[in-house]
Each structure stands twice: as structure tokens, then as C-alpha cells.
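I have a structure here, written as C-alpha cells, and I will follow up with some questions on it.
Going by the order they are written in, the chains are A, B, C, D and E; count residues from 1 in each one.
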Amino acid sequence: MSKPLRKPVRFPWLLAYAIGYLIFLYLPVLLLPLFSFNDGTIVAFPMKGFTLKWYAQLGAQDTLLQAMANSLIVGAVTALVATSLGLFAARAYVRYRFKGREVSEGLVMLPLVIPGIIVASSMLVLFISLGLKPSLTTVILGHVFVALPFAVSIMKSAFDDFDQSLEEAAFDLGETVIGTFRRVTLPIVAPGIVASLLVTFTVSFDEFVLAFFLSGNQPTLPVYIWSQIRFPAKLPNTLALGSLLLLASVLLLLTAEYFRRRSTKSA
Amino acid sequence: EAGSLSVFDWSGYEDQGFYGGYVEKYGGAPSYTYFGSVEEAFTKLQSGFAADLAHPCTDALRKWVAADLIKPIDTSRIDNWDKLLPQIKDVDGVTVDGQTYMVPFEWGNTGLIYRTDQIAEEDVSLQLLADPAYQGKIAIPDAASSAYAMAALATGASSYTDMSDEEFQKASDFLRRIHPNVRFYWSDAGQLDQAIASGEVLLGWGWNQSELNLIWNETPAKMMRDVDKGIATWVCGYVHLNSSTQSDEQVYDMLNALSAEDSGKYIIENWGYAHSNAEAFKSADQELIKTYGFADVDSFFEDSLFFDAVTPELEGRMLKEFERIKAGF
Amino acid sequence: MAGFLRTEAGKGLALSAPASLYVGLLVAAPLGILVVYSFWTQTYVEIDRTLTWANYLEAATDPLVRHLMLRSILIAGAVTAATVALAYPIAYFIAFRTRKKTLWLLLITIPFWSSYLLRVFSWKLILGFNGVMNSALISLGLIKEPLTFLLYNEFAVVLTLAHAWAPFAILPIYVSLQKIDRSLLEAATDLGCSKLERFFRVTLPLTVPGIIAASLIIFIPTVGDYVTPSLVGGSQGKMVANLIQVQFGPANNWPLGATLSLVAMASVGFVAVMFVILATALGRRIR
Amino acid sequence: MTSQNIIEISGVEKRFGTFVAVRDLNLELKEGEFFSLLGPSGCGKTTALRMIAGFQDHDAGTIRIAGQEMAHIPANKRPTNMVFQSYAIFPHLNVGDNVAFGLRKLNLSKAEIKERVAEALEMVELGGLQSRKADELSGGQRQRVALARALVMRPKVLLLDEPLSALDKNLREAMQLEMRRLQQKLGITFVMVTHDQYEAMTMSDRIGVMFAGKLEQVDRPEVLYSRPCNRRVASFIGGMNFLDARLTADNGQSVNVDLQGFGPLTIEVNPNALARSPDLLAGIRPEQLEISATQPPGYDACLQGNVSDIAFYGESVHYYVRADGVEEPISVAVPNYFHTVDHKRGDRVWLGVQNASVIDLGAREA
Amino acid sequence: MTSQNIIEISGVEKRFGTFVAVRDLNLELKEGEFFSLLGPSGCGKTTALRMIAGFQDHDAGTIRIAGQEMAHIPANKRPTNMVFQSYAIFPHLNVGDNVAFGLRKLNLSKAEIKERVAEALEMVELGGLQSRKADELSGGQRQRVALARALVMRPKVLLLDEPLSALDKNLREAMQLEMRRLQQKLGITFVMVTHDQYEAMTMSDRIGVMFAGKLEQVDRPEVLYSRPCNRRVASFIGGMNFLDARLTADNGQSVNVDLQGFGPLTIEVNPNALARSPDLLAGIRPEQLEISATQPPGYDACLQGNVSDIAFYGESVHYYVRADGVEEPISVAVPNYFHTVDHKRGDRVWLGVQNASVIDLGAREA
């Protein structure tokens, strides 16, 4: 036998680019934690000194915490509603052929491509003319609208992989339509549902323009941050909160990934 | 109980030192909702947003009244009414067409803030804004009324609220001339503070709050306070909204707390803002009064320009023209 | 009726109805209202409900509107081009050059779990006068005075948005790359193509749909963005959305705002359709 | 037979839009019968099976199972169970729970469920694998779990949609024997869809051959092979040489014909042939022709030709012979008795045929 | 043979991590040869093919094509072309552009490209379909476009990875003939991967049988069938009854054995058998046994048993006979001469075998 053949190793340009791109993605995000430890209200270089006071003060910022709670509520409700609507719609698109399917599919994707300010302003007009006062409810209505395309496309890919004969098998074994959905469909598309919940929650949690137009006296976090950015003294608090949020979301994502892996391993 | 009163305010004004009397009586703070600008507040209120009190500034009041958003103030129920600075009470907007609509709260200057290490005190003037030497080194607010007030001062218009066509044209031309120098039109004060602190911007039209922030951060910068060269005074205060649902009693308790001498002392000492209560200047720490330039309050009122409510027709023109100027037209 | 619901079409319609009705109503009703408003006029706080073309006339004749519209489309085009061009290699890398696809996709999404406003704010810290970039360059001795062309101009808007839209570009392109049957690539090599030729003759044409999807998702909302331009765009970054926002805000002229919104949508729609047609045609030309 | 009809299908039709997937389906199946539906891809086999199972409504006709009309009875209420082509093993459940899935709807005690699951798994030789995860199963094991899951419901009729097509050759042959054994033991009616002729022939009591939505012939495997009803059926099952034949005399049970290339022969009338005419089509199976270098003795007719091609199939060798007066080469299969190939390409050979080997396929145009 | 070796593979190995997908591969292919790689799923056939094509590096050994060492020559520079299992028709191009794909690299004039494309399409009988869209093609058409696209490049070697597995039976058989015809006409070396024994046997000049990464036997189809090298190869191609045989005398070219059940026989020594020992394994093909109700005359050995099972295959009937002294039932294939089945289950029958039908498979444990 001759010696093993080895091709000359080439410089991995793409990997290098990918790493560079990651730096581009992370640079701005990692500055937030950095300045949350800065002992000064003006966020600029050079930094003044190390402090934890912005974190210590966080607990006392009632309105900030309230805004955060609002965002969590809006995000959670949006995620639930959008995912449920998306679940049923995606199932219909993947499973059934019917007149108007393309139209309906296109329609549901529309929010992705309508400029935010137009959605926001026209919804404000709509809600006011319906006598619906700006409130968390209107924010949720708006957020479900923008989150729906994400939910639908995620659930569609979940149902794409879903072998339809599984449902028929359950039905064939005497299960009812609802029973089949509960005992077979739901557990199998569960990873898709979790992904959809996570993504729609993120979309809502980070959404500003609609929330700004549609929120009443309960601002969501981005709206609150918007007012804080104009008010320098509170900015470091906001940075501290942003850093904590980032940490929390990383943890959440890692947990979700952990469970996803466990479920695919055992599925 | 305390929280049932809702206040629509700039963020930061939820500080309990501003209304100690209310906290004492009701055992807590009212609930606050924030806006980023008075225009934003107006849009939202017009959209049907409801609250008991709001915190606009005088220049907007005429529009608020016209849009039927606010109720007149019964000054007899304001305990401190007589102690309020008379010049402030007279400002157009606190009263509109003879009716009082606002309980003035804080006031201050809008003026030219500059880096003292780069520009000598005797050289500084509004005309410097248009000097090609300062290309990319100035910042002015992204708000038509404030910009036009500055332009009116710079071009010597007789009245800012009621400019003649010719004066309006001159003011617009001035703004057009400084446009190439503008680094950015600031929409939040922090943006201006940081730019001046870093040396990115050397001259800016801004609030005295910015000056203070710079002083606290040890930046060599100050506001040009020479009334002859041009300075403006703004007054903001609380208005009673038509959409208010709380009892008048609670609303007036809050208004009284806000205009009390203690509140004034607190805001002067801790925030460096001038308060509407004349007594407050006497009881506040005189050292700080000096640092913040409030030693001679009356001097502010002599030749300074007040942000009175502009006539609707003029306001429309300003807005439209300002948009063009910003777009480079 | 019950019979219809048991058919395939019936079940499909019933299941998809909530979502499409929801979106349909929330799209149709506001659009309808916008249309109505656009034919009204407003002076100060009074709305005049007589129908008139005045707003459209103003939008059509005012060079400011045309200027801002054009600038918005150009900036959005630049943002789209930059984002897609920067994202394509990453999507390619994840689809073809790594096994840890999930990890990379996660790495790419995590930065977007912070607040958008704070991220934009960070860009100001990086590009600012004494920001990260300038500090670094000065300490390296490459420059003496801070560079001022980094922030408050179109460049900053493009860069900030290219960052903000990254996952929206990477994901559709990744999906279309992932869908490519690997044997097609091998077939191309087998027929004599080098890697580069293979990319241009097979991979690229097959990802045109992904590129189009990514472009639309980025281009259209960018035209409507007013927050980023006002934060990092400086005196040159104003876009048509700022003008619209001014009408709904300070200027308090909703009818004009509605008109401008509709005009903007129409222009954007037109540009988008032209783009799709052009891109598809170009994709077809490659043989 | 004494046994009862368990399935009675008459006049059933299924349309998808304007396309008729199944037309005028008539079929009666006996209790305990093993029936296969055989046909090319897309001919409507699966559709027919799914109408019996209740997954698809039929547009016309009636389906009766165990005497009961099925029109308005949904799939979950029918006395049938199905083994899916993809097996449809629930991925989130282990083997035991998969098999127990349908039982849990029946109000049985836990112990009883456990017992029936164990019994069903024994039956398919998967005893003790209850706690295996679905994705830890091999193809053959998955197939058997699917079978157990259906059998545990004790259906009157078991429907199977190409149950073995995903398995490789050796496993498939093993499972064929296994399933046939099980079916005979349990006495359940099996209806199996397949496109593999050998599978159908070795497993089934009767086979239905379908083309383009139409069931063309239903018969025992031997009859299908020896008396196919027309050219399509004849060529779908096994190899067949088609030759023109002219009717010269009709003797009732048999006819005299003049067979292309071979000349006069007397062949049995095929009762299954769909239409009759003086222009007959005749078929001869490749293995029923004798090939030899000299004229073979004892055959009813002979012809001469040249070997044009030879294909070695292992157990047999196929010679393609271009015969004088016949356009298509005639294929002849010779069993590979002694690992020898007797004729070379180009050789002049004789072909011999017996009367009994020539199949009457009815009118040439049918 | 006078023709040259076009492919020379020696000592080639391929590992995926620690798993050895192909081990010690040695193979020499002649110009113009039709070679098939046959083996069960996962045995490494595709991997071997892809190493020849250059899509996969090999970890050891050498591959020479047309005399040139291929180690550092990328796939796009090799004188080979490939027909992929999935056909890999470019979906964004029409038929003409698909076929022209590789030609555009060759600096040909437009007219020349057009001409060669037309010619290649003619060759696969798709003339005039240049402007068809890829997704408007049927399975068979796709296969032929893939073939044309590779052939138009005039490769020295054409590699085919299960080119027919996606087609249905009738189309597959038609394409088998077609491809064989084309190969003979063009004189190009074909290397085809398949797992269908009949396909390999009917099309190939030589077949390599692979198991678990190892090429176990390379030979002409007839030799593979009559002289397989061991039990695995023997059972992978055709049916086979395995019986123990004890060596009683070694005569050089032949051996005397005592065959389980049948008794003493003299069988030829199999030169391919891998290992020898007194405990031999012998094989008898089912079609080479004679079955009869009475002792068949003229056979070298006989035994008696009972018919335990009957399977009807159409062209033949398989009887499974439980013989005295043999554990496994012995299968016997009888051609279906006259549409008659001669024995019933349970019948007592005789089986007869000739010396020449018993295959020496070497040592029992090999």
C-alpha cells in the first residue's frame, strides 16, 4: 500500500470570513455590558471607572421593571396567539389543497413586507376609529400581525417534515380527530411550536415602532428605552438592563437548544 | 389610591422629590406614562390616550387648547399661585386668550452651548453657527419651533411668534446657511451632551440641562448667557386634561404639591432647573444657585425670548420649511 | 355547510381562515382608512372631510417628496445590497462548510435578543467621534484626528441596518442553499466546472429565489424605517419615513401622512416588482 | 366456498377534480381471504384501499364491510385497520405504546392492555421489545411493529399498502412467508396493495389486477398466469410473447388457429378473454417454448430462427430469436440446468410449442 | 483480450473516521468493458464509484485512469463522467442547456455545441426535446437526459450510480437493453453500480460483488453464478440450497464427497473457492434439482422428502421439500411448462441431482 494521500491544506477563507462576520455581529452587542459597568452618565470613550451601581439601582426602577413586565406579557400573549393561528394555518397550507390557498398564504406573509411605519400609523387610525384606546391590547393586536408570518413559516416547515400517515394511523386505530391532534400531531410538531413561540416572542419583545404608536400608559420595554435614550442620566440603567436581557436570552436559547436536542435524541 | 392619578410626562419627572406633598397625603406616587417629545404627546392624546395631568411646554399650548385636550385651571385652588414668579405666569401659553391653562413648573434657557477651550467668550455668537470654519461642528435641535426661535434671535426678528413674511424668509435663509455646518439635528439632549463632551461638536443650540450635564462631567463648556447675543427661555408646566377621570381634588393636590416651595428647592438643588416658585430661590442652597446661574433671576426675563405659542399658520409654515431645510432644499 | 367542512377544501379554508382573516382585516381596514384619509385635508386641528386630490397633488409636485423618496429607495437599495452581499458567504458557509449548523444559526441569532434601540445606540458608540473605531485607529497611530465620516451619514445608516437585518438575509439564503441537491454540484464538477464556475453556473442561479426573498424582506421595511435614520443618519440620513412620521407627529397632518404612506407603498411596490422581474430574468440568463 | 363475504364493493368510483382515479370498482372478498391489488404506479391501488379504510370518500357506488354500509362511517369507526407503506410508527412513543395506541381507546384495564400488547408483539416475534424507541428499530422491525399495532385491534379486515416495499430483498422474502403464516393462523382478511408481481403471486389467494383506475381481472394467481384476460394483464405478470393468430375453426371448447410463424394449432378457448374476433391475439410464455439446434420432436408446431440476443438471468438463460415471419424477437427462457449455455448469438435454432402452451387472449384490439 | 486496461485500481482504501467504507480495492477494467459493482445496501459501492470519479479522496492505494495516476487530479479534470442516481438534472436549465452544460467549457463554436447536443439527444431518443423544462420530464426521460449529458462529453469512462433504480419495471427493462446497445455502439467503458442482480447479470461483461467494503469476487456473470467464491456471493445471486459435504477423496480436478442427505457424489473443484478443508460447503441451485413422485432415473444421487410449501412464481413453481436428514427445507424450482402444478403440499417426493449441479463452495467457515 502506498502512503496516505493528503491534499495541501488551503487557507479556510470562508471560515475566516465567518468569524469576521461574527465579530461584526457581536461587537455592538458586547459594548452594552461594557458600558453598563462604566462609572459615568455620558456613554463615550474613555470610560470613567468600574461600578456596579447601575445594576444595584435596577431594582428600584419601578417604571423600568413595569415596562419589562409589560413587554413580557405582550411577548407571551403575542407568541401564544400568533403560534396558535400559525399552527392551524400552516397545517391547512401543508395538508389541504383548496381554492384560495395561495392567496391566503401570500396574505399571511404580507406583514413581512409592509413598511413598519405604515402598518403602525394605519393601525393606530383603525383602532381609534373602532374606539379601541391605545393599550397593551392594541400592542398585542399589532404584534400578532407582524409575528404571524414567522409563526406560519416555522410551523409550515414543521408540518412539511410531518408524515401525514401518522395522523391517519391514529385515526385508523380508533382515535377521534381531536384525540389524534392531541396524542399524535401536537407531540410531534412540539419542537416547531417551541421554535415558533421563541421566535414570535423575540419579534414582539424587540418591536418598537408599532409598540410606540399603539401603547397607552403601559409602555413596552423598547418604548421605555426610547424615552430613556433621550434622558442621559438613566441611560446606564438601561444598559445594565439590556445586558441582563442579553444574558437571559442567551440562557433561554441554550436551554431551548438543550431540550430540543434531548427531544430529537429520544424521538 | 395614590397611583390612581395618572400623569403623562417626560421620563425622569417621576422623582418623588418633585411632589413631596402629594406623597405625604396619599402615601405614594401617582402613576407615570412617558413621552419623548411634546408632539408625540399631542399625537397620542389626540388618538384617545387618557390621563389626568400632562406636562407640555408653553409653545404647544395653543394647539392643545384648540384640539380641546385640556381644561382651564382654577387658580384659586392653587395655594402657591401668588408665590409663583409673575413673569412666568404672564407667559403666553400659561394663559391662552385670557384663560389660565397651565400651572408652570420648571423653566430654563435654551441657548448656545459652546466649548470654552475652543471658542473664546468674546468671540462666541449665534452668527458663528453659519461660519464655514465650523463645518460639521455644530448641532441644532430637530424641532422646528426651537430652530426658528434661534434663527429669529440671530436675524433680529421683532417677534418670534408673529414673524412677517420677510422676517420668516430671513430666518429660513439663516437656517439654510447653517445647514452645511450641521453635524446632526439632535432629537435627544443626551446626543448633544455627548457630542460636545467628545469634541465632535463645538457649538450647539440646547437646553441648560445639557450645560449642567457637561459641568457635572467636567467638560469645559458653557451656555452663552448674554441676552444681547440671544438667549431663549422656555417654560413647562402641568395641564389638567379633559380626559381626566380622577377627582379634581386629587388633581389639585398634585398641582399644589408640584408648585410648592419644597419641590422648587429640590429641583433647583438636585436637578439644576429653575422652578416657578419664587420662594424656592431663597430657601435653596445659595452656593448651588450661584453655580447654576440663578443668582439674578430677573435678568433672565429682560430681553430673553420666550417660547410663546406660535400662530397656527406660522407653525405650519415653519414645520414645512424646516423639513425642506433639513433635506438640503 | 357541515358537508362542506368535511371536504378537503372546507377543512383547509376553515383552518387557515383565522390567520388570513386576521391579517386581511388588519391590512385591508387600515389601508382603506389610509385611502379615505388621503382624500381629506387638515388645517391645524380641524379635519376637512371634503374629498380632494390636494394631498396627491402636493405629493406629486413637491420636489422634497420626490427627493426623499428617491433617497429612501437608494439607501434601502444600498442596505439591501450590502446586507445580502455580506450575508451570502455566511449562509454559504453554514450550508456547505460546517457540520455545526445549529450552533452557527444560534450564534447568528443571539445578538438579536437584545433591544434593537440599544444595538443602534451601540453603533453610535463604535462609529462615534471618540468611539471604538476612532480610538482604536488613533491608538494604532493610523490617524491623528478622529474620523468624522463614520457616523451621521448614509454610510452609518447602511452599516447599522446591514447589521440589524443580518438574520433576515442569512436565513432565507441559507434555506435555499440547503435545498440544493448536492448531486447537482457534483454533476457540475463532473462536467468540468471549477469551483468558481460551478458557483456562478449552478449555485447562484438556484439561490435566486432565496436572494429575492431576503431582498424583499429587507428592502421594503427599510424604506419605512425612520428610527435608524434619525439616530445615526445625521443631517443627510433623512428618509421618506421621517417625513411621514412628521405628518403623523409634530405637523399633525394625518391626511398628508396617509397620502405619503400610500405613495411610498406604491413606489416601493413598483420598485420591488421591477426588482423581482429583473432578478428572475438575470437568473434565467445564466446557462 | 362456505365462507361469507366480508367486503362487498359495487360500482365504486373516485374522482379527483375531473380525473377519475378509480372507476366502477366491483369486488367481493371472503372472510379469511388474502387478497392483493396489483398494478402499475398511479393506477389507483392506494386510492381503492383508502376508500375501504375510510380515509377517502367515494363519489359513487357502495362499500359494505361485514354487511354494513360504510358511506357515513368515518375511518375510526370502521372494523378495518391499516399497515401504512411508511409504517407510520409514532416517533414520540416507544414500541409498547405504539402497539397500545388504539387499545387505550377501548376502556380496557391496564393489565389487559399490557397483556394484549405483549401477545401481539410475540406474534410478530418482537416479544420483549416494548420499551424500544421507534428510531432504534430496523426497517423489518418497524414493519412488524406496524403489523402488531394493527393486529392488536383484532380487525375484521387488515389493509396493507405496499407493506414490504421499503425492505431489501432478503428481508422482504422472509417477511412474505411470515405474513402469510400469520394470516393463515389468525384467519383475518388481508387486503394488500403491491406492485410486485412475485409478491402478489406467492402470497395471495386471489389477485386483482388494476390499470388506470379499472380492475381488469380478479383471479387466483395460477389462473391469472395461465388465462389472463387481455394483453395488458398478460404482460404485467411474467414475460409473454405476443403473436397474431387467425381463427380457422371454432370447436366450442377449443379453436383452430393459424399462428403467426408457427402455423396451424388447436388452442383452448380462454373464458376470461374480454372480446372475441377472428383476429385473435395469442400469447406464449418464454419458459414454455422449447429451443433446440435441431427440430425438437413431439411438439405441436415448430419454427426456425436466429438467436439475436442472449440474456443470462442466473436461474435461466433468455434467448431472443428472430423468427422467419415474426417481427418482434421471440424470447425463450431455458432453465439453467447445468451451468451451460447451449446456443450462441447468430445460431440457427428451432423453436417448438405445444397446443396447451398457447394462450388465447381474445380479440386483438381488446 | 487485446484491449488495454483503462482503469487500474490497486490497494485502495477509504475510511470515514474509524469506519472503513472500502478496503483493499483492486480492480482492472478493460477499454470498452461493461462492468457492474453489485452488493447489498451500504457495502461501499457508491463510495468506490465516487473515488473513481474524484468526488472522494482515497486514503490509501492508487487509482490510474488511462495510464495516469489520479491522486491529485480533481473531478473536473478526470476523463470520466457520471450519471447520478437522482440524475441531477439542473432544474434551472432546459434539456438542451443541461446537455450543453459541460460543452460550454470546451471552447466550441455555438453551431458545434448545438450539433453535438442534438446528436446526443438523438442517441438517447430524445431528439427535438431541447427546449423542454427539466420539471416537465418523466422519470425515464430524465434518466436519458442524464445519460446524454454525460455521453456528450465523450468520456473515456462512464460511471453510473444505480441509474435505473428510480424507474418502474417495464421502463427499467427497456432502458437496460437501450443502455447495453449504446455502450456497445460507442465502445465506452461503463462502470455501473447496482443492487439488482438481474440488472447486473443481463447487462455486464463482468461483475464485481462487494460486501462490507470488500470486493469479494470479480467475474463474468455465468462464472459468478456457477462458481461463486463463497456462501455470501452464492446467496446474493439467485437462490441456493446449502448443504454440508464431507470430503472423502481428493482427485485433483474433482473431489469425492459425502453430501448431506444425498450421499456420495463426485464434484468439480471450484477454483474460486477461498479456502479448502475436509468440511466442505456445497450448494445446489433450486432449478438444477429434479423433483418427481417416483425415483427419477439417470441422476447421480437422490433423496426423499415431503413437500412442505409451494410458491407459485408464474414462470416457475417453487417446492420446498423437507428431506430426511436435512434441517432446512430444500427449494426446487420447476419451470411452469404447461400451467400445471404437479405436487401438493404433504406429497412424498424424490429429489434427484447430477454431479455437475453441485457447487463446491470451499471450507464451510469461509
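Here is the rule we use: a residue touches a chain if its C-beta (ideal position, glycine included) is under 8 Å from a C-beta of that chain, and two chains touch if they have at least 3 such contacts.
A quick map from chain label to UniProt name: A, C = ABC transporter permease; D, E = Spermidine/putrescine import ATP-binding protein PotA.
This is a predicted model, so every value here is computed, not measured.
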Required minimum of steps from subunit C to subunit D, each step between chains that touch: 2
Chain pair with the greatest number of C-beta contact pairs: A-C
Furthest chain, CA centroid comparison against subunit E: B
Distance from subunit C to subunit B - Cα centre to Cα centre, in angstrom: 37
Whole-Å gap separating subunit A and subunit B, where each centre is the average of the chain's CA atoms: 39
Euclidean distance of C-alpha centroids - subunit A vs subunit E, Å: 55
Centroid distance [mean C-alpha coordinates] between subunit C and subunit A, Å: 18
Residues of subunit A engaged with two or more neighbouring chains: 43-44, 124, 226, 229
Multi-partner residues of subunit B (at least 2 other chains): 187, 194, 198
Of all residues in subunit C, those that touch subunit B in their complex: 43-45, 63-64, 67-68, 128-130, 146, 148, 152, 230, 234-236, 238, 243, 246, 248-252
Parts of subunit D lying in touch with subunit A, wherever the complex brings them together: 53, 55, 74-77, 80-82, 84-86, 88, 90-92, 101-102, 105-106, 133-135, 149-150, 153
Residue numbers on subunit C that touch subunit E, as the complex places them: 181, 183-184, 186-194, 197, 201-202, 205-206, 283-284, 286-287
List of subunit A residues in touch with subunit D within their complex: 163, 165-166, 168-176, 179, 183-184, 187-188, 266-267
Parts of subunit A lying in touch with subunit C, wherever the complex brings them together: 12, 14-15, 17-18, 21-22, 24-29, 31-32, 35, 43-46, 85-86, 88-89, 91-93, 95-101, 103-104, 107-108, 110-119, 121-126, 129, 141-142, 144-145, 148, 152, 202, 206, 208-209, 221-222, 225-226, 229, 238-239, 242, 245-246, 249-250, 252-253, 257
